[in-house]
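Below are two complexes that have subunit A in common, paired first with subunit B and then with subunit C.
Here is the complex of A and B:
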């Protein structure tokens, strides 16, 4: 009696699991494993390939394009994550209390994060046109000289960081707001009784109680930061882009160009493996370190 | 209460700074969006007049008619691809979540952990083998490629599972005793109780794939298959100078998401928040 019943149970489980598992296995898990495999070959999109051992990794370490893409990615991630979360935190604090049109402000700041990066990139390309663009005309009218924005290697990355901060801070603000809302109000009440000032409450209650949210935001923002692609594609030159002079070629862009423009799929897979390992390492380090600074003894 | 008292209570310097900052930030957020909307109806030479006009001096529709050759097809392709993905994600997310929350089996929690871990895997790091698999399945340069690689959603499974866990097992047990199959329970008991989370998953999936650029960029090469974001990027590369039609295209691509946002803002916010709560 039990045997056929458990057979039937297995079939039921399998039928519920199959739709998601198929997609997960064929298009995510298998590719993760295969990325490492392909990275050990000289595959270039054709029918044949040879195993080349670690040659792709060796040549990537010698490639200035790869090393500079790592450096550009690092700068992008550090600055965009920092400013996104700083603004998110500050605006969440401002919108947490009784504020006129609170829902409006919250919705408005959040809005850019759900819009198409391609559309947004186009709008900023217009605004930041180095010639007669509105931003430069405005700067000129207040006595500041025109800036090259996306057209100079000196300013292009900073400009894209700015746009990504503009687009994403509202997303993290919503997360911080939820975190603020979950703080037990009695903590503030007893602090008030003790005569604690605003700053004191911020440092002693708000910041420590928000560490789980902060931790989650940092992790998410870093992972998203590593994947920045659309803005770079649309704002600095399309398929051959990542310019000027490669100044915005982040790691994922270098992977894309090597794999799908130059068809160096083996080599690009080595870069992709490095990307995976980097994110894995960052996630592990963060989870290890969270014990030191994240407090989960919640409200 | 005297006038002085009143004003002291309401208008502190801190309040003034607060509203000043909020309004400045609101303007900063709005400017690019307003530029898209107003430039769509401006003649090319008016777009770069300074100071910028909010309402076009001579409103024109020529920017939209410049799009009429390719964009109706791009829009249709986007509608088709996005709808298919949303439907598939609804199926994979809800059935998967049911298996992970309401059925017990070996390796359940391990597999769930793997699903969750896949959220941190960037698409660009697995795109090469995925591309090879798609090509070997004979799907390269087809909408089916974009749809199938996007069908699985770890985020959706996670979100639905968290919600399903709040549905009491006693409810399901009662149905089981009445002889209902798991499929019937899933369809008649669990899904009807889960409308909010399903709406959230659908909205998230819609807005993500309506905007998705990378996957279509890799898999779609034929002009006739391209989706809206891809078509927009092409348009820029080919007609580098015309800003008016670019903004018109951007406006078209933004409007559906904007409408959904205005109607269902709370689902967006709830979805974002749900990801942040430790489960």
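Here is the complex of A and C:
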């Protein structure tokens, strides 16, 4: 009686999981396998191609364009993740307390994260127009000189980082808010009884208790950071984009350019596989290192 | 027992839903619908341009056996989308080529139907093809039929020259003085120096910034993979940098950041000279129709030659052409259409819509006279001069990127002459080394 019942249960569970797994298989796993396969060929979008082994990987590691795009992506990730999470944490702290219209403000700060990146990119490209954009005109009106924004290699990446932070911090703010609300209030009561100040409570209670949320946010933000493309494409000129002097040519943009402008799909697939392995390595390192600083102990 | 039936029902429902969903994923290529009685349909992929649909409509109106169904793709992403459509097996009968050097990769991938048999079978009038045969022939096979000729010109705003009291460019051409040095002097004199008026406008395409080099027959990478660059390349880079520093032209990075189109720049009436191709009268017609010309009228612009430092004048450009898709089920009908477009009948329609056709006939000259402002412009527009296609090899698309990347680095940084040439040489060598 037990064995058939257990089999029946397994079948029921499997059938509920099947639609999701099917979607994952068709839209994620199969394309990843196909990409790795294509990376070993000189596929250029057509029917005639052959195996080239690891030649594409060797080319990419020797390519200054690839290494440069990797470096630019790393800078983008470090700064955007840092500022996104910092702002998210600060705003979550502010909106966790009894603040006038806090529900409205929570919604307001969350809103950019659900807007289309294309729309945000176009809007900011207009606002930051170096000649007649409202931002530069405002700066001029208060006696500050016009800024190059997207038209200088010194400022283009910073501008994109700013827009990315503006777009995304609200999402992490909501996660931090959820984390803050799950902290046992008795911890703060005990701290109050012991005479702990605001800073002490922040450092000794809030931050440690938020480490699981922080870990999740860092992991997700880093993965999303490495995948940035749409803002770069829209704000730096589409097919001729990548920023002045290539200063915002991130890895995914380089992959796009190689695949769809130069028809080097085999090479672009190799770049994409390198990105996948890099992200996997970073995620594994983070996962392993969490034991040192993430506390899952409930109060 | 009841649980058993319920579980079975759930499993059955889920499996049925999988069978229903899977066929939706299976449709990779779109099949052409079975031909019904009536005209034969030719599916034709082209990019968005105000006048191309007029040309297709004119063909459809001229006969009743074939109906061309245009599939319009946005111009900005046409090359990417066409690549994706071809790789994805999207059905089409013919397509227009926008970045001409893409033809090499498409031919290597087996997407293009060679046309020699169709030309012979139909006794095709090759006058339009002959002038551009080299540009559409690969491995001895004719792969395309040009329908637009290839030339770049200087379009100029007469009002700005009048206001500055300077001779218009055609006067310098007549006196044999129209060199790139003279062009720079004139552009500087016509600009206001504060970005309100520009002497010229160089759009963001690589070839538009390499005219001196292309006219000197620099091929960047030859068809057999050798690097070919010289001082005229440096001259081209320096020309752009000097004109930007003197604010005689709009900076490259500003054009990219603001996405300003060259037609809009000329319509605005604050750009005195625009080096651009033979399709631009079509834009001017559109500008006139939509009342977009600011501060000048239809009669206040002209067309003349590009400047040139060479003894024999040559313009620059590659023809625009149509290909037949190798997987087409209507190749004969597709050839009829693209043959018309590249032939005498189509040439007159192409001309009426503001383009220079591949074939120049009296009817074409008459049609062009209605889309150009004066006789002198018409003479320069239709004169028979050599035309050099820029970096016209299988490396072409990547050469364009290498030129633009090097140019941007040069414009935005302090680089010595040897540094900039070394940078370009390295990029070109990288292209040769990684093309497999």
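Assume the second predicted complex is superposed on the first by the 275 of 299 C-alpha atoms of A that agree within 3 Å, B and C clash if a C-alpha of one lies under 4 Å from a C-alpha of the other, contacts with A are read in each partner's own complex, and residues count from 1 in each chain.
In the analysis below, a residue touches a chain if its C-beta (ideal position, glycine included) is under 8 Å from a C-beta of that chain, and two chains touch if they have at least 3 such contacts.
Quick caveat, the model's predicted, so the values are computed rather than measured.
Asker: Just subunit B (first), just subunit C (second), both, or neither: which does A:260 touch?
Answerer: both
Asker: Classify the contacts of A:174 with the two partner chains as first (subunit B alone), second (subunit C alone), both, or neither.
Answerer: The answer is first: A:174 touches subunit B but not subunit C.
Asker: Which partner does A:236 contact after superposing on A: first (subunit B), second (subunit C), both, neither?
Answerer: second
Asker: Touch test for A:275: subunit B only (first), subunit C only (second), both, or neither?
Answerer: The answer is first: A:275 touches subunit B but not subunit C.
Asker: If you stack the two complexes on chain A, which partner ends up touching A:24: first (subunit B), second (subunit C), both, or neither?
Answerer: In the superposition, A:24 touches subunit B alone.
Asker: Considering only the touch criterion stated at the top, classify A:129 as touching first (subunit B), second (subunit C), both, or neither.
Answerer: Touch status of A:129: both partners.
Asker: Could you tell me if A:197 is touching subunit B, subunit C, both of them or neither one (first, second, both, neither)?
Answerer: Once the two structures are laid over each other on A, A:197 reaches no partner at all.
Asker: Using the touch definition from the top, say if A:53 reaches subunit B (first), subunit C (second), both or neither.
Answerer: neither
Asker: According to the contact criterion defined above, which of subunit B and subunit C contacts more residues of subunit A?
Answerer: Result: the larger residue contact count on subunit A belongs to B.
Asker: Pick one for A:213: touches subunit B only (first), subunit C only (second), both, or neither.
Answerer: After superposing on A, A:213 lies in contact with subunit B but is clear of subunit C.
Asker: Shared contact residues on subunit A for subunit B and subunit C?
Answerer: Touching subunit B in the first complex and subunit C in the second, residues 12, 15-16, 18-19, 22, 26, 129, 238-239, 260, 265 of subunit A appear in both lists.
Asker: Using the touch definition from the top, list the residues of subunit C that touch subunit A in their complex.
Answerer: That would be residues 4, 7, 10-11, 14-15, 17-18, 21, 25, 76-77, 79-80, 83-84, 86-87, 102, 105-106, 108-111, 195, 204, 251, 253-254, 256-259, 397-398, 401, 404-405, 408-409, 411-413, 426, 430, 433-434, 436 of subunit C.
Asker: In the complex of these two chains, what residues of subunit B are touching subunit A?
Answerer: Residues 18-19, 21-22, 25-26, 28-33, 35-36, 39, 47-48, 50-52, 88, 91-93, 95-96, 98-99, 103, 105, 111, 114-115, 118, 120-133, 148-149, 151-154, 157, 181-183, 186, 207, 210-211, 213-214, 217-218, 229, 232-233, 236-237, 243, 246-247, 249-251, 253-254, 257-258, 261, 265, 268-269, 272-273, 275-278 of subunit B touch subunit A in their complex.
Asker: What residues on subunit A touch subunit B, complex-wise?
Answerer: For this pair, the touching residues of subunit A are 9-10, 12-13, 15-24, 26-32, 34-35, 37-38, 91, 94-95, 99-100, 105, 107-112, 114-120, 122-124, 126-127, 129, 132-134, 137-138, 141, 166, 170-171, 174-175, 178-179, 212-213, 216-217, 220, 223, 226-227, 229-230, 233-234, 238-239, 252, 255-256, 259-260, 265, 268-269, 272-273, 275-276, 279, 283, 296.
Asker: Going by the contact rule set out above, which residues of subunit A touch subunit C in the complex?
Answerer: Listed in rising order, the residues of subunit A that touch subunit C are 8, 11-12, 15-16, 18-19, 22, 26, 42, 44-48, 52, 55, 59, 63-65, 125, 128-131, 148-153, 236-241, 244-246, 257, 260-265, 267.
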